[in-house]
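Multiple structures are listed underneath, in structure tokens.
In what comes next, chain A is part of two complexes: it sits with chain B in the first one and with chain C in the second one.
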Partner chain A sequence: MLEFRTAGFNPYSVKYSPFFDSRLAVASGANFGLVGNGRLFILNLTANGIACEKFFETQDCLFDLAWSEAHENQLLTAGGDGSLKLFDIGVGEFPVAGWQEHQREVFSVHWNLVNKGTFLSSSWDGTVKIWSPEKKESLLTLPVHSCVYSAQFSPHHPDIVTCVSRDSHLRVFDLRSKPSAQNHLTLAIPIHAQPKVAPPGMNRMNGPTECLTHDWNKYRDSVLATAGVDGVIRTFDLRVPSGPVNAMPGHEYAVRKLSWSPHLSDVLLSASYDMTCRVWTDGSNVDKGGEGIGFGRELGRMDRHTEFAMGVDWCLFGAEGWCATCAWDERVLVWDVREHMRGP
Partner chain B sequence: MSDALCGPSNALQQFKQQTSHDRTLQQDRLATRNAPSQGFRSADPRAGLLDPEFEAFQAGLPPSELPQYQQFQHQQPVFAAPSQQPAWASDFQRMQISPQPLAQHHNVQQMHAGPATADWAQGFREQMAHSAPRAQQSASSPQAFQQRARFGMPGFQSHFAQPGYAPEVQQSKGKEPAVEAFDEAAFERAFDQAREDLMEEADQVAKGVSTMDQFDVQMHSNHDMQDPGLPRQTAINEILQEPAMDMEQEVNQDVLHGETEQHQETQNNDDDALAATAQELLNKIEHNQTDKFKNSQFLGLMRKLRDREMKVEGDKMVETATAGSSSNTGQALNSISHSPMSRFNNSEQRPSPLGVPGVGTQQAMREGIPAHEQDLDTGRHIDGRDGQEVVDLLNERERVLYADELHTEDSDSEFMTTSPYYQR
Partner chain C sequence: MSGSQQRVESISNHFVSSQDQPKAVLHEKNGDQVVITLAVRTPLTKAGKGALKDTPLEDIVTETLKALRNRSNIDPALVEDVCLGNVLHPAASYVARSSVLAAGFPVTTAAYVVSRWCSSGLMSVQAIANQIQVGAIDCGIAIGAESMSTTPDGGAPNFSDKVMKSSEKVRDAAMPMGWTSENVAADFNINREKQDEFAAWSQQKASHAQSEGWTQDEMFSFETTWIDPKTQEQKSIVADRDDGVRSGTTPEVLGKLRAAFPDWAPSTTTGGNASQITDGAAGILLMRRSMAERLGQPILARFIGATAVAIEPRIMGISPTVAIPKLLTKYHLTKDDVDIFEINEAFSSMGVYCLETLGLDRQKLNPRGGAIALGHPLGCTGARQIVTALSELRRTGKKVAVTSMCVGTGMGMAALIISEM
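Right after this comes the complex of A and B.
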């Protein structure tokens, strides 16, 4: 397990570069993001552990970041002051571009993985905005009318956008649809609805709670997972838009971040306010004894963080199972999930 | 409709469909008629004239029940229908199309007298004054808002919230006319009230439902222990409600809060807000006795904030100075300006850190901090010396000009200033 200390700053998000297997970026804020500056760390995995290659200072806390899919040295940050900034590792100490339209904290940014020319941001002002790095104004604003904690482009289609928000709904936007009163909104799935496969001991679901994170499955193009304040991870299949397919309780407190494995179609990694990071299977992998649809379960957990765990990301390269996590204990940990698996 | 959705279509065709319908009449009937100044459409004085009759017609009332109708009959007997005509036809004939005769009976005047919103807000206020007197207590400064907001959102507050449903009711969307700002307070109280109802409802549901979640059970028992449940609910609501505050209002407040005492008060309210939020969080994780949670720095910080050992100054967290360093003036000012409305009146425990009264508190704090540690973002704080350079420059120029003037008129300036003839 490798470790890096972000001294004086509490990380909110960690992401692997999609271009280099040894490069990481961490978005962080001073004073747990309550007040003070932010800092963007660019880290390198070296033979002697993790080294900080460069860092950028910002005036306000950084809540999220996304690597550019088009340029290996550029990355985007989501600021507490409502700004988006594009940094270039090779260029000075200031951002090469900035956008300021959101009225409130920006909670997530995501680069379009298919059409690499656009990215999106979601904010507490209740909007998701689609941007192009070349344009000063946003291309499109999708109103959600509820604090949007997380938004993503589909990794399978350039025009499908999903977001989860405080109002406990998973929204799907199809940007190809006609602009109308619906504002491209195609689906709004209630996250708190009764799951198709209720896990044992979980007879009834709680009421709606804020949903904090979601992620697209990298292999099954209609499957997503969400998690939030009630600590339950749920999977969704957009072909069954009435509610969740599966629910996986386990985290004691809210789940802050969630990520599907880029290598395995059924494996998830989560970071929670209970200070643990856990690995899950949603039970869909037939080879592993699942039945395509079944009970999800926890595969293992990593307990080393000593404050709220905030961010997780899988390494895209090399052996499956390497991941990076960050927490408010000012640490970024790079570890192998397989070392933390429990026996079946 | 069908050809709009399938088959070859072009943008122009769509556009034509949108525009070719004349919906003005429906819109006139349905749209709330505000003062004409608010819209770009010229107000039709006849708009709404027929509403009562239309309603009556819809409801199947005989036209004779309409008050206007009675008068109308007197005034325009010409229209009286021949008796052999079917009923609907006579109804139709009796309908009043021309504006003149009815204008005096109808409440056109009322509708246009003053901005309708004012009455409306007034009504709201009166109604809400009984039921929700607490909304105003919450911190009123933009800073407090931001901090609490921060606490609430990405942080922990709301994430630890129970499965209570808190819909985002209010959004600030861009610019709104200045008139609207007037309604904000009443508005927020109304929404606040609605939200509280919702929360209570959700709470009830959750109480019945949450068997699986130990955390929830614990939390509810906390509630119950704490008491009537109401004050606690209130606190939660206030925190949840904060995000709904309007951006522009904040800015306005920012400007207004330039005054010395208000500034102090803001500071106090900020601290209150922080302390309350910290308290909130700590209550929620109270039962967790694991080492991690006990030793957590973050939770330690929360405890300090709660106990007011730490507070936020500008962009920094600072330890509250112990009694030694605070002067009497600072104390006095602090307690005077402390709002009686705030929830925690423990100004004694919170001495002003450097005892510097006035706007300069933060500035002084800044100056007390070594230069290399200072945050460069001074723009956020109201600087008493703002613009002083310009003023100095102007004064300087004036002085020079004045001197020049003197020289051109008479080279002996000393004579001029001493001479009794010098008029100046």
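Right after this comes the complex of A and C.
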């Protein structure tokens, strides 16, 4: 396990570069992101551990970041002051571009993985905005009317956008649809609905709670996972949009971040306020000849963080299982998931 | 609250257990919600005497629909459905559709009727809201209306022996409402003094609200025909005032009135401490929030929901004490979250019981008086309470209102409205 200290700053998000297997970036804020500056760390994995290659200072906390899919040295940040900033690692100490439209904290940014020319942001102001790096104004604003903690482009389609929000709904927007009164909204799935596969010992779903994170499965193009304040991870299949397919309780407190494996179609990783990062299978076993449905379960956990775990990301390269996590304990840990899996 | 305080609160909200995700309903806004963009009522006038005594139901409903159409300036073709809450008219379905057409709505605006006694006005709001919520329509109008002058309440019909002899509950359900008031007074020891105090208090609040001009924005006035009872001469007059409000009413004055039901112990109900028999209507324009925003219609409030309960018919008056907790539980709220309770004052006996049993803050209950002062046009009341509550929320800058009423034959309803003014 490798470790890096973000002394004086509490990390909110960690992301591997999509271009280099040894490069990481961390978005963070002073004073737990409540008040004060933000800092964007660019880290390199070296033979002598993790080294900070460069950092950028910002006026307000950084809640998220996204690597550009088009330029290997560029990355985007989500600011507490409502700003988006594009930094270039090769260019000085200031951002090379910036956008200011959101009225409140930006909680997530995501780069379009298919059409690499657009990115999106989601904010406490209840909107998701679609942007182009070439344009000063946003291309499109999708109203959600509820604090949007997480928004993403589908990794399978350039015009499908999803988001989760305080109101316990998973929304799906199809940007190809006509911008009618629905503003491209095609589905709004209640996250707190009864799951298709009721997990053992979980007879009744509780009411709606804030949803803090979600992620698209990298292999199954209609499958997503969500998690939030009630600590339950849920999977969804957009072909059955009435509610969740699976529900996986286990975390004792809110789940802050989820990420599906880039290598295995049924495995995902979570980070929680209970200070653990856990590995799960959703029980689909598609790889092993299963039918895509079954009980999800925890495969193992990493409990070396000593404060709220806030971010997780998988390394895209090399052997399956390497990941990075960050927490309010001012630490970034890089570790191999396989070392923390329990026996069968 | 500063930005950093809000961030702290936001994080601390992430630690709330799922069962009581706190008060989400108070803050949550989304485009699919049902919102009220306009709420108005006619003046409430005494049956048999007041300005509306010779105005048939269809005229009252038509004038209300016209007022909604003119004030909202909405394209009438966008109103897909109109629901009329009414109790007494024998051909209310004809009235509903005819009034819609007479008020200048196109043939494409549909109409229907709902009835659940004194909650019919609220039923109509709930019905339209439900249609919007499930996506059946985007925009509709709820009306509550009653002409107790032209279609008076004749009491329960004579049921077959088979039904009447089947159970004591059936006989209780056919009981005159006044008797149920006496039952409440007897069962729960609510004496005449308490009832008269409650009634005088209602009159004083209503009189104050009237003299301060608070009720002006609830109402629209209109011209109608009135027959002078002395000369039988037809006159054209303007209905522009609630005529049941008596300033200077005191418990002492009310204490001198004779019992209305001398043969039914304890005979504490009088004409002064019960709701008045009255004509009137209220109308509410509802639509999906996304539509209101698109049309630029002002969003007054969101209609969160309503619920009905049923209890022993012989003490039907106490049902708000069942309906209100049921409603609040649904939305994880407590009575302290509510700024205004509009509870229909069918009788002082049930009014006193509800105030004491629910443990309400007196300042929050019927701040503009209730049916004892304003009157209780049966089908109108449920919608009228929402009009009154919205106007009071607007005046005071408060946010949350619960309306509730007891319902004849032993039922009750309650509704939750959250102001966005």
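Heads up, the rule we're going with is that the second predicted complex is superposed on the first by the 338 of 344 C-alpha atoms of A that agree within 3 Å, B and C clash if a C-alpha of one lies under 4 Å from a C-alpha of the other, contacts with A are read in each partner's own complex, and residues count from 1 in each chain.
We adopt the following convention: contacts are C-beta pairs under 8 Å (C-beta built on N, C-alpha and C of every residue); 3 or more make two chains touch, one makes a residue touch a chain.
This is a predicted model, so every value here is computed, not measured.
In the three-chain model built by superposing on chain A, chain B clashes with chain C. Within the superposed three-chain arrangement, the count of touched residues of chain A is higher for B, of the candidates chain B and chain C.
After overlaying the two complexes on the shared chain, residue contacts for A:Gln182 are found with chain C alone; chain B is out of touch. Once chain A of one complex is fitted onto chain A of the other, the partner contacts of A:Gln59 are limited to chain B, with no touch recorded for chain C.
In the superposition on chain A, A:Gln103 makes contact with chain B only, while chain C stays out of contact range.
Contacts of A:Asn37 after superposition: chain B is touched, whereas chain C is not reached. Touch criterion met: A:Ser146 reaches chain B and chain C at once.
In the superposed pair of complexes, A:Pro249 makes contact with chain B only, with no contact to chain C.
After superposition on chain A, the stretch of chain C that runs into chain B among 203-211, 239-247 or 329-337 is 329-337. Overlap of the chain B and chain C contact sets on chain A: residues 32-35, 80, 105, 124, 126, 145-147, 166-167, 206-210, 212, 229-230, 253-254, 273. Contact residues of chain A toward chain B in the complex are 10, 12, 31-37, 59, 61, 63, 80, 103-105, 107, 124-126, 145-147, 165-168, 178, 192, 201-210, 212, 229-231, 249, 252-254, 256, 273, 275, 306-308, 328-329. Chain A contributes residues 32-35, 80, 105, 124, 126, 143-147, 166-167, 169, 181-183, 185, 188, 206-210, 212, 228-230, 253-254, 273 to its touches with chain C in the complex. Contact residues of chain B toward chain A in the complex are 14, 147, 149-151, 153-156, 158-168, 171-172, 202, 205-206, 209-213, 215-216, 243, 247, 285, 288, 292-293, 295-298, 301, 312, 314-317, 375, 377.
Those residues of chain C that touch chain A in the shared complex are 3-4, 7-8, 10-11, 13-19, 21, 24, 28-32, 289-291, 294, 332.
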